[in-house]
Structures are given as structure tokens and as C-alpha cells.
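When the chains are written out, they are named A, B, C and D in that same order, and each has its own residue count from 1.
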Amino acid sequence: MPTRQKIKFGIVGLGRLGKRHAENIAFKVPGVELLAACSICASEIKYAQESLDVKNVYSNYDEMLLNKELDAIFVASSSNVHCEQIEKALNAGLHVFTEKPLGVNTEETLRVKEAVDAHPDQVFMLGFMRRSDKSYSHAKKMIDEGKIGKPFLVRCYGLDPDSQALNVIPFLKTSGGLFIDMSTHDADLARWFLGKEAVSAYAVGGCYKYPQYADEGDIDNGVAIINFEDNMICMLYVGRTAPNGYQVETEIVGTEGTLRIAAIPEKNDITIYDKTGALRECSQNFLERFEDAFVREVAEFVKCINKGTKPSVNVNDGIQATKIAEACQKAYETGTIVNI
Amino acid sequence: MPTRQKIKFGIVGLGRLGKRHAENIAFKVPGVELLAACSICASEIKYAQESLDVKNVYSNYDEMLLNKELDAIFVASSSNVHCEQIEKALNAGLHVFTEKPLGVNTEETLRVKEAVDAHPDQVFMLGFMRRSDKSYSHAKKMIDEGKIGKPFLVRCYGLDPDSQALNVIPFLKTSGGLFIDMSTHDADLARWFLGKEAVSAYAVGGCYKYPQYADEGDIDNGVAIINFEDNMICMLYVGRTAPNGYQVETEIVGTEGTLRIAAIPEKNDITIYDKTGALRECSQNFLERFEDAFVREVAEFVKCINKGTKPSVNVNDGIQATKIAEACQKAYETGTIVNI
Amino acid sequence: MPTRQKIKFGIVGLGRLGKRHAENIAFKVPGVELLAACSICASEIKYAQESLDVKNVYSNYDEMLLNKELDAIFVASSSNVHCEQIEKALNAGLHVFTEKPLGVNTEETLRVKEAVDAHPDQVFMLGFMRRSDKSYSHAKKMIDEGKIGKPFLVRCYGLDPDSQALNVIPFLKTSGGLFIDMSTHDADLARWFLGKEAVSAYAVGGCYKYPQYADEGDIDNGVAIINFEDNMICMLYVGRTAPNGYQVETEIVGTEGTLRIAAIPEKNDITIYDKTGALRECSQNFLERFEDAFVREVAEFVKCINKGTKPSVNVNDGIQATKIAEACQKAYETGTIVNI
Amino acid sequence: MPTRQKIKFGIVGLGRLGKRHAENIAFKVPGVELLAACSICASEIKYAQESLDVKNVYSNYDEMLLNKELDAIFVASSSNVHCEQIEKALNAGLHVFTEKPLGVNTEETLRVKEAVDAHPDQVFMLGFMRRSDKSYSHAKKMIDEGKIGKPFLVRCYGLDPDSQALNVIPFLKTSGGLFIDMSTHDADLARWFLGKEAVSAYAVGGCYKYPQYADEGDIDNGVAIINFEDNMICMLYVGRTAPNGYQVETEIVGTEGTLRIAAIPEKNDITIYDKTGALRECSQNFLERFEDAFVREVAEFVKCINKGTKPSVNVNDGIQATKIAEACQKAYETGTIVNI
């Protein structure tokens, strides 16, 4: 854990999630320093300087890369510039941690893969933060230890809270569709827990609550079966109308046992007994639910830099998750079984 | 289970709980017949005839006892006549099942004991129905099998729903006080699970929500520590303001494990996910919570009659439970530790 | 509830489930009498006489139907004779309650429908007992009252305990396959909760634990998506290797709320705290899990007879459930989306 | 959150809990620096230098206090030197955070109070970390907002895991007894949630599992009722034989609702379905259960220093908690009701 020399980060993008990452790097991840921040938005620059004490701020990403003190870049910008920024950072000799998605289409993600492969000594890690969550990583450990025998079925729920459903509408047009936008994390979990690659997908869905989604060419809830090698299966349910909050639930069924993670996405350890009954309040968003995981994933990245090891999430994981999400989307749109 | 000859019951008292017992005897308990019913209330008599097809109805208890077809009497009348009616039925050669309490003071309960002892071939059973509940009886079985090692502590919650708190006020004056009125079931459970007798009690409490209770000389919530032989302990909490419903919860702590029964008094197996969170609805009263137990206890009574065995709850259990409740009440009233 | 004249039942079939039904009719369902029993197995006849006090016993079904005292027939025989026995009983002027499945192929079930339609004054009811379970019926009531808005997705788990997986193997060959054998109850629930008919199905599965199943041409676990009218969806998971017991779990997702039934198939209300953690024991089979529902469904049947009303489960429900199960089976076998 | 100037800490004591605090200050609490460490144990000094990069190390506490760069002292030494070290640090002009207990008797804690009062501009905070736990602080917030009406009863379980019960035996002689050693945290919670002071205590207990405890003049489990002003009540259960792990559970009963915190001390969000049933694994010790709270309490301390505000836990809280624990201990030892 001790690091004589702190790893110096530059972050690009300080939106809602970017801010959280910046704060984590500035205050919560041991052995690091937030040396630089880049944003095209003046208020975000101001925030970095005043709230995070960032010394070097930039409105131009290329300029930030010229800062010779930097060790690593954290990419938290818009999805459409991820690939370009990753490549540039790698070419500048920097370690790179990027928020998901890797890119917006398979072509550019393959280009990133080339760049990553071309810089084998630099750490590249993708932010599938669920893998860093205490419960998810413990489940993985149990599975690897054989506690549930051979896993063969994963059920994934990835549901955003209904309270945010209307706020999302302006972004639907460019989101690529429900499955593209919401199923990469679940696709990654299924691959991770099953240890297999996906081979085909079938998906259905509809606009059940918000006709406005249909106006944008999208749906508000969808379900898929994703077939994996060796007949393994992923049942997927993604949606934007979860009544109780941010419901990320995952179940791994094995030949000797089943693990169910966060069947109730508890906000805390309190049970409230009142006139309605016995109530558990629920997490409302990913920042709340995965608060610790967002810190842990960066800590893992730093550890890899310090120890010269490989992170648990690599560029191929990003590519495969995107492929699965694309297949689900296409399956839904065509009403057919789509090969991956 | 087959009974060539059905056991013929006469019931006395057809109030809320009496009706339930009458219906159970008429329709749900195998091998029995509700042959007679006695009540001083005309509407109850009418109910017995019209809804339960009871052939023989009486307004006079002594007359009912003259019915030569009867095998057993079910006492569901007012607490203050229990003892007298039990004695008369025993003396008439009938088996007797009585609702709790056995009596309203220790003196008369001791007289019942004499009557019971004088008729050893007749079955006498007391309605501590919790012992017949599926969960409670399974817990007892696990304890007897040594699953939790040696039990040494029982925590009992016996809470009535706040929704009924105001309805109870007219009955407080004659109830004997909160501990007398509400702790015999819990006292019985503690004795049953620990397998020991109580030796002293200390109790506290107050009027926290309803000053009207104080006007009647009573309290709305109270807590006690009851000491048992061998240093064993019962922590008791009785009250009338449970926000979520009828909360009967019991925990038995042993040297190798702990059993907690009905920490959430679930109404059914449904979890409701809505905008408040994840909710379990709760049982609202003893008729709902112990629906099955009220049938099972009578089935046990019948089985004892048919097989000539002894029921699991006897007259001494009733006497001891009353003694404990009285000690808690006195401890509360005097602010001292009361020996039992 | 009062029935001057008890409904007189004859039961055919006294296997494991038939016995349970016979006991319920003999002892637990109010207002009925088990007058006759028919079985080709001498030991079952003996059981009926000795344990259930059945007066009229038959080895020939047609003879039983000649008994003029009978009001109703309970069909609990082998699946392959259900249809014939139902038709005969209806033609004999008797009310009929039949265990599921209605029949073993759509053709014969349509013939039953004709017979039912030809006797509109006789009550015909099918034993989809889950609908009579306290939790399931309460969920239905909540949905009908609009508590979860518009339901659009049902997730059904119908899992048999792994402890029985090897015992089932001899019966696989004639079972029709996993989906045929195990998904009619779930198909019925989906129709019931969604209030729509199924239009197509897609299914996958495999032998994950028991290669012996493959030897019999079957699989041990399977998953399906069943599309309903108006884009509604059923996610189905059926299997025979549930590690914890008999896991029947159903979730109904609506636009305003979600109901999850029996996420943990609790055996009772006890939480066991021991060195492994906090444990809930689970139900091990349908007789245990649906003990009360098996009584309630017959009580509903009797009520319909007495009041001249229609039961909640009719012949069409049986036909549709079978169609869905067949579609899932065919979808699995062909790897295609199958229209219903 | 931004702090131009980091608060510089010196820590004294690097035992099990001291190490955790040192790591938190070094790596996890934002805006602080672990500048110095003091221990009489060479291996602890080595650990501080090598694992935590601490620049200034001391074997003599007085010498550390001479370090002019220090802003604050963290006291994590043996209980018997807490008071002296707190006073010295305050007199040296430093802010002080001390682990509980404040002291080993009321007399010396009152002397600490004088020292704290004499330095009103220096922040003094006591490590009742439960108050900083996410669930506990949320419960307090709900209570302050009136969500449960008026709280009147607190039930506290403070149970150490049975797995550690034998390891503790060597320390029993100097622990002061079960209630002294284990009930200050719970006493503090009761005061905090009820907003009242304790007036008397009654306690019972025994050696139920380990006769070795009796050999040391101690007991392994004990229960108390603590009376608070306005008839309010705390039911306390402390013990060392919890089968499932480290069970800190707290229930606050109010006139309009009840909050129950950590009824199952869940290790994570996973439910394990296996042949035993549905299992939740449990936390095994306070470092695991209160991992986050140990960070948050120091963050609060730092915030108070930076903003000149008062911490939520003050010297009087420590004094009162100790008084309550002493009263419980005396009540147990004398078998009487002890006034506080």
C-alpha cells in the first residue's frame, strides 16, 4: 500500500460521474494525486481548482498530455471521444483508466485494442466498477473457489429508477437504444461469472409506461436471453422504470448453489417498521450504490501501475460487452435470434 | 387420524375468539363435531344455529352440561368464569379445552388444578396456541434436538397493533394491567423454551403515546427482565402501540446458535417494491397470525382424547404463566425486584 | 359457509398427490364428504378404507360413476387418462375437479372443452393450486386493484429440489420434456397476472449437472422468453437442480410497482443464527409449499357448486397453459422462435 | 472539503485498532497527513515507517508532543493512559481524538473534562464510531425529523463472536467485567437516540458457555434494563458468544414507528442458496462492520478543526456512557437496582 511516489493523474471530463472520480482521486484513493484536469466547460475547471485544489487545468486535452509530470489519464469525457483520447494518452506514454463504454462502435474499439496492445507496459483499465463492488467481487471469489459448483445461468437486472425516467428522454436519440445504453455492465458480469463468451441473443421489449420513449424510437423496458458457449445462459432485464430505485441485481445459478446479489438494493441496514409494514429503503442511483466500487477500481488500477500487474478488466472485456449489447439491440429491433 | 366416532364438542362463549374456535371445530378440525353451543347473547346463539348448523343451543351453561352426547367442552367465555366452568365440566365427566387465561387469580387456578388432578382420565388442555404454531413448534423441536446448544436467554415481544390501541381503553380497568393482560403467552414461551421456572422479575414501563391509559391506571408499553433458575433470562417487551401490526417475536439464544421467530410478522410471502422501497406487509392481529395454530391446538386436544395421551400444555403451565405475569405487574407497580 | 347437505366426492387416483387431496376432502375441506375412492392399486384402496373411512371403494372407474349418491369427482389419476375420466364424469352429470395437466396433448384437451361446454350447469375446475395460495391470490388482488399500475413483465421460477433430481430420471422419457412437464403452472400464472394470451416463445437450456438427463433426451434446466399480446413478457426459468429446495418464485413487474412472491421459499418464520451466518430454511416440495392452497382450491370448487358460480380456473386456462408449455418445448428443441 | 493546509496528525498506540486508524489517516481520510507516530513497541514503529511512510516516530509520547508541526493527536493507546495523554496533548495546544473509553474510572474522566473545558478552541472528540456509521447516522436523522414520533425504548445488542471467546480470557481480569468492557457503545447509543440521561440500572447474567469466565470472576452474557429520564428505557444485551459473528443490533421504538438496525449483520449483499437454505453471511468483527465509520468519524473531527465547529461526540458523552456501564456492572454484582 505505501507509495513513496504518488501516481499523478490528469482527468478529462468533469460531468456528474467525472466529478465523483475526480473527488475520489483527490481525496479517497490512497497513493495518488490529482495533478491535472481538463474540461471544455469553464464551471468545471473552476470546480477543479476551487474544490479539488487541482494545480494544472486545461481546456485542451492535447495540452494536458504534454504535462510531463503526469503518470496516468482518467477518461471521463463523452462516450464519442473515449477512443481518441485513450489512444492519444497511450501514445503519450501514459497509463489510462477509462469510464465505460470503451467506444461507441466496434470498429473504433478495435482500434483502441491495437493501441493498448502496442503499449504493453502501460496499464489500461476499463471502468466496469461492479466488479470492484464488495459483494460482486466476493461472489466471484466464491465461484472461483467452487462454492456453487459449475455456474451455468446468470440473471441480470439493470434497472434505473422511475424517478429519473423523464429526465433521460432528451438523451435517448443518441443513446443507441435501451440495450446498447444499459446492458454492457450486465453483459460484462455474465461473461465474468460464466467464464465464457456469448454466441447469440434474443430480445424483446416495449414502451410500457412512457409513450414518449417510442417517440424517440426507444423502449422503456426490455428483456433478453443471451446464449453463451457450452449452452450457458444469461437472462437479462434492463429498464428505466424501477419503482423502488436503482435496482442492479444479479443471480448466478450453479450446479451446487446459487448466489443472489442485492435482491433488495438496500440503502442501509435499517428496517423501518411503520403502519405500512416492514420497509427497506433502496439505493437511488449508481453513485450511491457503487460509491465504494468507484474508489476500489481506481485503487486496483494504481496497484497495477505500482506492481506492474494486469488489471482485472481489459480492453477485450470492453469489446465483448459492447458486442453483446449490440446483438441484444439488433435482436430486439429485428425480432430474430442474432449471432454474436 | 381416522376417527370412527367423532368427538362431540360443546362450546361456551361465542365472542370474537369464541366464534373462530367454533368455526374451526365445525369446519376445520378433523374428527370432531360441534354439537352444542352456549351463550347468554341471543345473536351469538343465532349465529351458531344459522352459520354453524349447531343443533343444540343453550343460554344456560349447566343445561348444556346435561347433554349426554357431549364428549368435550370448549371454554371461550369471559376470563372471570373460566375456572368455574372448567370445574363443572370436569365434574360432569367431560374433556375440557379452555382459552387462556386459566383464571384471574392464583387462588382459583389452584382450585382448577385440584379438579384436573381429580379427573386424571379426562383430557384438560389450555390454549397457549403459540406452541401449536408451525414456527414455534419447529423451534422447540430444534432446541430439543440440541441445534442451538443450551438455551439461556429468551427475548419475547408481544405487541398489539397501534391501530387497536384506542379500542382497548374501555377494557383496561378490568384487565389487571398491561403485564397481567399481555404477558402470559410470553411467560409460557420462556418457560417452554428454557425448560426452567421463573424466580424473580423486574419491570418498567410508561404511557408513551396515550395519556388516556394513565387515566385508567395503566401503561401502554412495558419491559421486564424475568430471572429463571440457573441464571437463565427472559427479556420481555409488551405493548399496545406496535406501528406495523401484531408483532409477536421470540428469540431463543443458546450456546451454539440462536433462533429468531417472526422478526418481521409477515402477512404473506410478497415483497412489494414501490417508490417507498421494498416492503413486507404485516399481520394485524392474532386471528390472522395464529390462524393455523388455533386449528392445530384443538387437533392436538382431540388426538389426546383419542389416544389417551397428555397434551403439551397442562394446568400447571397456566398457573406458572399467571404467576410470572403477576410478578411483572407487581414489579412494575412497586419499582422493585419481585420474587416468584 | 354452512352446507346443510355435504357435497359428496369420489376420488380417482391415490398416488402421492391423490392421497393428499383425499385427506383434504376427508378432513380439511368444510362442507364435503369423501364418499368414494377408485384405484387400480389394492394398497391404495386399503388406505382409503382404513385411514380415510371411505365407504365405497372401486377398482373400476365406470362403476364408481354409477354411484348415485355422488355429487363430484376428483381426478387425481395418471395424466394420460385425465381427459377420458373428465368426459365420463361430466356425462354422468357430476361436477369435476381435476389435477393438472388437463391432458397430454392439445387435441384431447379440446375434446374436454367440448364436454365442459356441453354441461354448463356442472362445475369444472382445474387444479392450478398456486392461484389459491394466500400470497398468489393476494398478489392478484393487489394487481386487480391497480396497486402496481399496469403489469407488463412476469418472471417465473419453477424449480424442483436437487435432492429429487435423480429420482425423477425414470419418468423423464414419458414426461414430454422439461418444459412440457414443468412450465404449465408458470404459464398459467403469467396469463393470469398479465391478463393476456401468449403469442410466441423462445427457449434454451441444457444438461448442466446430470448427463443422465441427456441420455433420456431431456435437459435439467431451461429458460424461456414467452411473448404475450401487447408486447408483454414472461421470463421463465424451470429446472430440477435447485440447491435449496422447491423454489417457486414469481415476480410481477408493473408500471408503478413490482411484486415478488417467495424470493426465499421459507419453510417457516424462523431465522437461524449459527456459525454459517443467518439462515432461512426452505420448503422442499409442493406438498409442503402449497399445503394450504391444496385445501383452498377444493373449497373454492365446493363454493361454486353450492352457489352456482364459476371457478377462477376453467378449461380454457388448462388448454392455453399446455399450448405455452408445448411452444417452449418446441422452441427449445428447434432453436427457433415458435408462434403459439 | 478542500483543505489548502493538511491537518497533521500524530498517533499514539499502534495495536490492532491503532493500526487501522493510522492507515485511515495515512490513506483514507481526506485533508490529513500522518506526520508522527508513537509506540513503545519497536515493531509498531517499524510498521509506521515502512508501511505508512510516517516521517517522525517516537517511543516517548512527551517527545512527540514537542513536534511543532503537529495539529492533532490521535490517542489509540491502552485505556489506562488515555486520560493522561489527552490532558498532555490539550495542554500542548493540540486537537485530540481519542479512542474509547475516555478513561478507566469516573474520577479521571472528570479531570479530562476540566482539561477539555479549559481549551475551548481545541477540538476534542471521542471515538464512538457507531454514530458515524451510515445506518446509525441515518437512523438518528430520521428520528430527529420525527419519522418515528417520540422514541421511548432502545434495544441494544452488543455481541462479540463466539469464535473469539477463548482468546479474550487472558484480558478478562483487567477488563472491569462484561458490562464495563462491552456496554459503553450501547449506553452511548441509547443516550443519543433517546436524548435523555440514565437514572438507574438493573442487570443479570451468567456463564452459560465458558466456565473459564467464572474462573476469572466474569460472565459471558448479560442483560440489563437501564431506566432513563421520563420513564424511557434501554434493554441491553451484551455477550461474547454470538454464534454468527459480531452482532451489533439496535432497535429504536417510537410512538409512530420503529427502526431496527442490522438485525442481520450482513457481511455483504449476497444471499447464498444452498442445501441448507437461504443464507446471509455475517460480519465477524468491528473492523469489518464499522470499516467506513472509522474513516467517517475522523473526517468529522477534521471538519470540526477546519470549520471551528463542535464534534457530535464530546467529553460528557464519554463520562455518561462510562457511568451507565459502571451502574450495570454494579447492578449485576449486587443483584440490586443501582441509581446513576
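Observations on the structure shown:
Going forward, contacts are C-beta pairs under 8 Å (C-beta built on N, C-alpha and C of every residue); 3 or more make two chains touch, one makes a residue touch a chain.
Since we're looking at a predicted model, the values are computed, not measured.
Considering the contact criterion stated above, the chains in touch with chain A and with chain B alike are C, D.
Ranking all chains by how far their C-alpha centres lie from the centre of chain B, first place goes to A.
If each chain is reduced to the centroid of its CA atoms, chain B and chain D end up 43 Å from each other. Centroid to centroid, with C-alpha atoms defining each point, chain A and chain D lie 37 Å apart. Multi-chain contact residues of chain D (touching two or more other chains) are listed as 148, 242-244, 256-258, 260, 263, 266-267, 271, 273-275. Put simply, chain B touches chain D in their complex at residues 148-150, 152-153, 155, 202, 204-206, 208-209, 221, 223-225, 227, 230-233, 235, 237, 239, 241-244, 253-258, 260, 263, 335-337.
Those residues of chain C that touch chain D in the shared complex are 162-163, 242-245, 247, 264, 266-267, 271, 273-282.
Touching chain A in their complex are the following residues of chain D: 1-2, 4, 23, 26-28, 30-31, 50-53, 134-135, 138-139, 142, 147-148, 256-263, 266-275, 292.
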